[in-house]
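Everything on this sheet refers to the single structure shown next.
In this document, chain identifiers A, B, C and D correspond to the written order of the chains, with residue numbering beginning at 1 in each.
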Amino acid sequence: MIDKVVESPAAALADVADGATILVGGFGNVGVPFALIDALIAQGAKDLTVVANNAGNGDVGIAALIAARRVKRIVCSYPRQVDSWHFDRAYRAGEIELELVPQGTLAERIRAGGAGIGAFYTPTAYGTRLAEGKETRRIGDRDYVLEYPIRGDYALVAADRADRWGNLTYRKTARNFGPIMATAARVTVAQVREVVPLGAIDPEHVVTPGIFVKRVVRVERRFAA
Amino acid sequence: MKPLDRDRIAARVARDIPEGAYVNLGIGLPTRVANYLPKDREVILHSENGVLGLGPRPAQGAEDPDLIDAGKNPVTLVPGGAFFHHADSFAMIRGGHIDICVLGAFQVSEAGDIANWHTGEPDAIPAVGGAMDLVSGAKQVFVMMEHVTKKGEPKIVRRCTYPLTGLRCVSRIYTDLAVIDVRPDGLHVVEIVAEGLSFAQLQQLTAAPLRPPASA
Amino acid sequence: MIDKVVESPAAALADVADGATILVGGFGNVGVPFALIDALIAQGAKDLTVVANNAGNGDVGIAALIAARRVKRIVCSYPRQVDSWHFDRAYRAGEIELELVPQGTLAERIRAGGAGIGAFYTPTAYGTRLAEGKETRRIGDRDYVLEYPIRGDYALVAADRADRWGNLTYRKTARNFGPIMATAARVTVAQVREVVPLGAIDPEHVVTPGIFVKRVVRVERRFAA
Amino acid sequence: MKPLDRDRIAARVARDIPEGAYVNLGIGLPTRVANYLPKDREVILHSENGVLGLGPRPAQGAEDPDLIDAGKNPVTLVPGGAFFHHADSFAMIRGGHIDICVLGAFQVSEAGDIANWHTGEPDAIPAVGGAMDLVSGAKQVFVMMEHVTKKGEPKIVRRCTYPLTGLRCVSRIYTDLAVIDVRPDGLHVVEIVAEGLSFAQLQQLTAAPLRPPASA
């Protein structure tokens, strides 16, 4: 019997190695897998590359991971925020490398990673500083920038419901990066509010099919402490 | 001379958004446009974090922690709304499905280039979000800003000196002084909105040549 | 008030011009918008380019459109079937041009068309006859073929439920190409089993958001005559 | 010498599909593999037309006209199944998420090239479907076929003469005579399944060099 449900966030992340690339869902604090990030901090893996929309808010989630000095490099679209002080300090101190990617290109690169696309041409950022040094091409009457896929060793996502096959649903705008990150990692771990019996999720309403998910863990706490 | 305040700029933008339009309102000032859409006009608001059909802010205490807009503020959803993931959300943007996006800007050039993501200061921590996707993907890009900086420097220029967000993408500029169209042959004043401002005065506050409104 | 519901398939397709490119949903006979195709035949537009997975089955749907000699060119993955006699005849007679595309590349090209991607690299078909003459590139340790997006003037899709904003749900494997084709056409027309009030479709369950849909028409008959 | 019949080839393939595998069974013969998966082993079947969790054929009269597999036959869905659109379905395939796909073939080369979509006859109407995506995307490609053609010609060859479906992609070949692994250094017989067939006889029916099974 397939059973992807593991007993704790710690068990779900026991095998994360130093230097791993971790895709972390969420937009601001919504859809951030806080329990998994806390477990990752406790687990101790360092020199991580984190791929996420933001570089952490306040003292929780990715901010806490950065504060614990575990992040070597971050790939994101919007690091600077009013409450991104841990990132700001680490960045100014030269402790963390930043790859800034337009949000839609970030999403598309992750999707390409999951979908086996080798590279793609996007019009976004053509002619700007963020396309400097990148290959470009004119196709029809538009200019495009060549972008490469992003894949992770782990994807940490916060979903709403799961079954033991790893089928997931999300809740409102907490869906954000979860469904695409789940496709683009070797090991996708989902923290969920509820584990339901197999068949309880309508097959028309599955957002992330279990094929993309390796481990599921139920957590009580959904939001930042 | 009486420039519009920010709410009146928002109201002026709202006037130009037709029934049935799919609209993305950038974070900050542009979100105010929503307040001025007539209640009987159905306009569908998109937010890049995976939602179509944004409704008004929830009452205090009624916020849903899983329902925010791109500015990370709590919002509501109207009947007919939908949730989707980030790749689908930006497929809408990049694929040309958003009719209008409204954004703030540091500068707009006479060619329609826009600079709105980075001050260019060497020690600034950069952040871009969805701005570059929006300006290159939306069918029409409306810029909404003060006509000049706090120091009085024109923000409408021949060439942007700030780092660019996108090239040749702005359709129309709404300022506290005027509404200006960006056309292949340059900038056309559609309307002077600041009471008592002459075209010549407007031109003086603008660092790129303007053409007068048709009625002028 | 936005109301995308039109009274008949004929009204939904009145403006199709000769030479148009039409994306047609369906896989075999499942999810084929038969009522819309019948209306297209009655409407009379000719020299059409049809993009669809198959080249018609039996005497209905795309097969009937081909039999009526309206199709100049077809882009599909699997034209030859036991009951594709109308296509077979037209193809052997040199009346119809065929662009054969691997099914996943067809899907991805349509998705790229809807998502504003200028071109993409896929490993599919590398080294085969279907990649002959196409640009290739080695990325990492794999070889890829460059493929370009497909867009249509019209997309005809068969959905299950719709509201007046054009939000759609599908039914089981009738979903197939509908959601991606809906994104890739200037005018997407959905034939649906049921039109429901705005808000009746759970926002978590919308498969095609109304932004991609221009016209909706309710039809009694869902399957081939 | 007693070759396996088609059902016994299917049963032999089924033996090698582990619990928890995500599997795509090609149209035609490979679909029979499903009949031989042990009931207590959970294997999740994918079909390229947008479904995971294919179940057995429905009883006559209980078919759902909206629920078919890639071979366009009516199927059922098991609890835990899911529906999705074609781009997502092929993202699973191209993205390397399918553990095993099982396909028929006209020819397989010693390098693992496969030809299974086109006879190469000039007047044949071609059709490719998802075959090229599957062979390049699945983690393991199992080929299931008769060892020789009806005319007795070997189907395992040094180089395919039929138009290729994919290069260097076949992992393992199941025929009515043997199970053969494709490895970087060539073809390795895992097991001779035809009763009374010697390795030398098998080699004679194969147009590429074979290495004997470890136990031989």
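Just so it is clear, a residue touches a chain if its C-beta (ideal position, glycine included) is under 8 Å from a C-beta of that chain, and two chains touch if they have at least 3 such contacts.
Just so it is clear, the structure is predicted and the values come from calculations on it, not from any experiment.
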### Query
If you take the chains that touch subunit C and keep only those that also touch subunit D, what is left?
A
### Task
Would you mind telling me which chain pair, A-D or A-B, is linked by more contacting C-beta pairs?
A-B
### CA centroid of subunit A to CA centroid of subunit D, Å
35
### Task
Just give me the whole-number Å value for how far the CA centre of subunit A lies from that of subunit B.
29
#### Entry: Euclidean distance of C-alpha centroids - subunit B vs subunit D, Å
55
### Query
Could you state the distance in Å from the CA-based centre of subunit A to that of subunit C?
33
### Message
Where in subunit A do residues touch two or more of the other chains?
### Response
108, 111, 115-117, 122-123, 170-172, 203-204
### Query
Which residues does subunit B have that touch at least 2 chains other than itself?
77, 83-84, 87, 90, 93-94, 137
### Message
Going by the touch definition at the top, which pairs of chains touch each other?
### Response
A-B, A-C, A-D, B-C, C-D
### Message
Going by the contact rule set out above, which residues of subunit C touch subunit A in the complex?
### Response
108, 112, 115-123, 137, 139-140, 142, 144, 148, 169-172, 203-205
### Query
Within the complex, which stretch of subunit D touches subunit A?
19-20, 22, 42, 44, 46, 52-53, 77, 79-84, 87, 90-98, 137
### subunit B residues touching subunit A - in the complex, by the definition given at the top
47-51, 64-68, 72, 77, 83-87, 89-90, 93-94, 118, 123-133, 136-137, 163-167
### Task
Within their complex, state which residues of subunit C touch subunit B.
1-2, 111, 113-117, 163-165, 167, 183-184, 198-199, 201, 203-204, 206, 209-212
### Query
For subunit A, which residues are in contact with subunit B within the complex?
27-31, 53, 77-81, 84, 87-88, 91-92, 98, 100-105, 107-108, 110-111, 122-130, 170-180, 207, 222-223
